[in-house]
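We call the chains A, B, C, D and E, going by the order they appear; numbering starts again at 1 in every chain.
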Amino acid sequence: MNAYILKILRGFWSLLVGMKVTLKYFFKKPVTVQYPYEKREIAPVWRGILNQLCDAKGVELCDGCQICGRICPVQCISMEVYKDPADNKRKTSSYIVDFGRCMFCGLCVEACPKKCLVHTTDYVLVSYERAGMVLGKDKLVKR
Amino acid sequence: MNISYGLENIWTWLITLIDRLFCRAGLPYIFAYTLEKIIFGVALLVFISISVLFLIWLERKVSAHMQSRLGPMHVGGWHGWAQTIADMVKLLFKEDIIPAKADKWVHRIAPIVVFVPSLMAFLVIPFEKNLIGQDLNAGILLIFAFSSLAVLAIIMGGWASNNKYTLLGGIRSAAQMVSYEIPLVLSVLSVIMLVGSLKLNDIVEAQQGWHWFAFTQPLAFMLYIIAATAEVNRTPFDLPEAESEIVSGYNTEYSGLKYGFFMLSEFTNMLIVALVAATVFMGGWQGPKWLPLPGIIWLLLKTYLIVFVLMWFRWTFPRLRVDRLMDFGWKVLIPLAFVNIFLTGLFMVVFK
Amino acid sequence: MDAQKYLNEIKGRFPGTADAAPERIKDGVPALLCPAPFLFEIVKYLKAEGFNYLMDLCATDYRDSLEVIYHFCALETNVKLTVKVRLDREKPELASITPLYPGADWQEREAFDLLGINFPGHPDLKNLLLPCGWEGHPLRKDYSRKPDQYD
Amino acid sequence: MGILLDEAPYILENFPGGGIVITSADWFINWSRANSLWPLTFGLACCAFEMISANMSKYDLDRFGVFPRPTPRQADLIFVAGTLTKKMAPRLKKLYDQMGEPKYVISMGSCSNTGGPFYDSYAVVKGVDKVIPVDVYVAGCPPRPENLIEGIKKLQEKIKKDTIKNNGRAKIFK
Amino acid sequence: MTENTLKDKDGFETMYLNMGPQHPSTHGVLRLGLVLDGEVIIKAEPDIGYLHRGMEKLAESRTYQANIAMSDRFDYVTSMNNNFVTALAVEKLLGVEIPKRAQYLRILMAELNRVVNHILFFGFFAMDLGATTALIFGFREREEALELFESVCGARLTYNYFRVGGVSRDLPAGFIEKAGNFVKMMRSRLKDYDDLVTGNVIFQDRSVGIGRISKEDVLAYSLSGPVMRASGIKYDIRKDDTYSVYREFDFEVPVRENGDCFDRYMMRMLELREALKIIEQVLIKLEPGEILAKVPKIIKPPAGEAYVRTESPKGELALYLVSDGTANPYRLHLRAPSFINLQILQKILTGVKVADVIAILGSIDITLGEVDR
């Protein structure tokens, strides 16, 4: 009988201890970051949407070596390369990354010999259709 | 208690006015009486719907803050006050699905049936001394009689949906409700023994001053809170709609407004058990003499305190298992309730 | 290396067993190549000798044959041993070790599903990962997929 | 209550001033729908964790009235969060069919957008839009919860352009 | 199994309950076919494969480095540990020596990921038993850990941090303090967890004595990790078959005897504390140095094979890797702990109640990505 009552009392005590925890957090400030109004700090190394860098004069650094496209595990980078007759250098006429397929692994950035392909900390990319996730040079090249 | 309490006076004044008007017009009293009751009923419905909408919002806010979140924030501006309105309007205009193999009529009726008992119980709650639908002699009995009907709707819904999860939810609910009715009534029984009346107003007046039954009958109060939590299917006794086990329990197949009804009735039930707790154990509409607020405010304050405690339970505890639930009901709550009744009786015999 | 002792023992008992290309194995665990008909007996012997833990069971398609690899471990002594079986690619069949190690159940079903190896003696040999009615065995090297409505 | 929306707009249109009623009803109903998106608790793979994270303390989708429901009957929205395999595809279709109109689909992450890292796998559906119509695509592998919130905002914008004359079926079936 | 063919003991018809693949607490897309007599289970049949993505086949067409990136998606809760085992296997084939600092960083990340996994286990297990708040508390702490991961490798879930021969990035400035603070915060939060869940009478009622797994079953079914140790077998690959530099660290291998749900839960809570201990030690021992060994740009290990086992938070995570000398693996087979641990369900689910199914499933701690691969 004693054990029975003790068990019940102990049970109730454990419930009270649990309730203390929730009450404690009830009066603490919530940790929520209200996203569209407040933004969380993003680490500078965040592997977000890709960008192509340009030099100081605004000329693209990319020389169309295609290494990024070849190393990409999901084949989401495609480009068209031509030889510019003006300075006899390889250049890309189009550079398309399909972010609908990209797995954001960062291997292309590591492989880029010119170091001109970089991740940005930009992470927002939503669209109503598939084509909206395929970004071309107009969005990727940062002048 | 002759302190001028706002709402009650207005109500008495209104009744007198109607009575006199009808008397002048030479109509029988029964018409005046009917009109008064209709006015009261409509006012009650408005009160219930507003407080239920508020309760749902409150539940989300309370749960959120207990979990270091914020809860609804943006809908309607200030702290998402319009959140439940948006939810209800959306449910109203959502497609209403009746599963192909369901028992169509029972499936349709169940959400209506679930509402009736919880609404009926409001009839006998004294919001203030004279602000009461009908001060029945057997008021408290009526509440328990009706609240035990709620299980019918749940079984109906669970069975008619022709889904195994809903069926399990319905069966669980039947077992649970039947077992927890008993401690619920037994816990109040000791109070009734002390008061000697089933009238709710008598029970309230017996607690004049700070002689709340929550203090003089602490065990009964605790038993009532536990049994009431089970009665309204809230964690740790939310087995009929245990989300992580049987998806959504008895209302798994309900969509649109019918689901809305189930959701609203859950909160109406919660309101009613909290109102009963406030009335029977916490002095009802009576407040301290030095602060002459309307009685209804005191009652609601006490009610929301109980509601908060129920929410607090919900967001703290895990869920019991179905057989342990039965064990707990029959082996712990009912014996304790009997012990309490016995002690109360003994006390009454010895000290009277 | 303790495991070598067991290896030699087995080689003595069961004719046809041999070391499996030790220069290929980079993790240093001795491996035994055993003929398919003896597998069940060898595993039974190993279990009796204290190799109570089947770490892994998997199969590989080597184009000319299929290979089933069993990784055993004796938890008390921490001795590890690998057993390999070469199977005919056309009609791969190998006694199930599920009666000895119930843990092999799903792994054998997986091999059945993905590589088409039949395990007679398995209590419930049916597909595990692929949908019902899937044709072909994807992990085989010559598997080619017919496009369906989802491609 | 579906009946209310099936006929009413067409009858209303013929009355003088009916257009205004429809417009204001549109506004009100779309407001409620946009602000009360109840998603199905349905996760497939990695992205499911980011979806759950978005519901948790730090991001708290509850702020926008996004309130997970365990059963498709009560849900308005599916986050297809993760790789959809061929074995799962019929189930997803079934779940989608079980939901009441209006219903919306957010495809979350590369796998459900196009197949993503598994684009050449034998067992993976190359994009969930092969199975059910998708309203909003959220890119990322997995997308950050912030990105998912952007997706929800985008979906809300879409809903607010809807009209009751479509009975909530203003969907582009490709 | 057809519906209603099994009769219960009184000869009445039974009910076939199809739990999943969409169910709030099957941890993904697991399907359980349950034959019920009332609420009691007569027969349980797990059905997996709803997330079978053919990763082992895909691995054969990816380079080794890409395979490390792909391994993030094996068990997406413990990506670092998957990275670890993949990198170890490739290194075993290649035979390269890893710089000291890289070794430490690897262990740091693997243990942090262990903490994250166990926090999530805590949350989901409590959630399965009905305590929603615990899940949200768990995720709150997880966010803090993810912030650490994010600052190191730039992703929240799919880290792709390990490289063949080391790790991809060095720690950012201030990481050591942040990680130290995280450990301290975690210790204080663990007390809240204990108050909220561990000591709770309802929680204990739901988990003590439920889903017992005996020692013999553990061995027969090749269970590993916390599930194994909860049944009284003290075996931890980090200690008993050590890899990397784990032998330099001082930590206990907790073990419990009963093998029920509560013990499996306690195992994780104890391991969480040990993992915090290891993290603290790594933070002290870290010294500046190289983080990447000299490896060729295109990795082509010599032909051969290796079976490399590691202790992931879920159990023995091992990789069987066959190379044929080209840039892609010839065969990659993952010994997934969840996959093998899940088999025990068929045995222990018989005779329990529907509510216990969820508890037992939760206590085994599976990730479907790893089960189906």
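The criterion applied here is as follows: a contact is a pair of C-beta atoms (placed from the backbone, for glycine too) under 8 Å apart; a residue touches a chain by one contact, two chains touch by 3 or more.
As the structure is a prediction and not an experimental result, all values here were calculated from the model.
The minimum number of touch steps linking chain A to chain B comes to 1. In terms of Cα centroid distance from the overall Cα mean, chain E ranks first.
Note: the chain lying farthest from chain B is C, by mean C-alpha position. Using the average of C-alpha coordinates as each chain's centre, C ends up farthest from chain D. Centroid to centroid, with C-alpha atoms defining each point, chain A and chain C lie 41 Å apart. Inter-chain centre distance (chain C to chain D, centres taken as mean C-alpha positions): 46 Å.
Taking the mean of the C-alpha atoms as each chain's centre, chain C and chain E sit 25 Å apart. Among all residues of chain A, those that touch two or more other chains are 15, 18, 21-22, 25, 30-32, 34, 73, 103-105.
The set of chain C residues touching two or more other chains comprises 129-131, 138, 143.
Residues of chain B found to touch two or more other chains are 64, 66-70, 73, 243, 247, 315-317.
Of all possible chain pairs, the ones that touch are A-B, A-D, A-E, B-D, B-E, C-D, C-E, D-E. In the complex of the two chains, the chain E residues touching chain D come out as 21-24, 28-29, 49-55, 57-58, 61, 69-70, 72-73, 76-77, 135-136, 139-140, 142-143, 156-158, 368-369, 372. The touching residues of chain B, counted against chain D in their complex, run 60, 64, 67-75, 80, 82-83, 85-90, 92-97, 243, 247-248, 251-257, 259. Those residues of chain B lying in contact with chain A across their complex are 62, 64-70, 73, 312-313, 315-317, 332.
Against chain C, the residues of chain E that register as touching in their complex are 48-49, 52, 54, 56-57, 92-93, 95, 219-223, 233, 235, 240-241, 303-309, 316, 318, 320, 322, 330-331, 333, 335, 339-340, 342-343, 347, 372-373. Note for the complex: chain D touches chain A at residues 57-60, 63, 110, 113-117, 119, 127, 129, 135-141, 143-147, 149-151, 153-154, 158.
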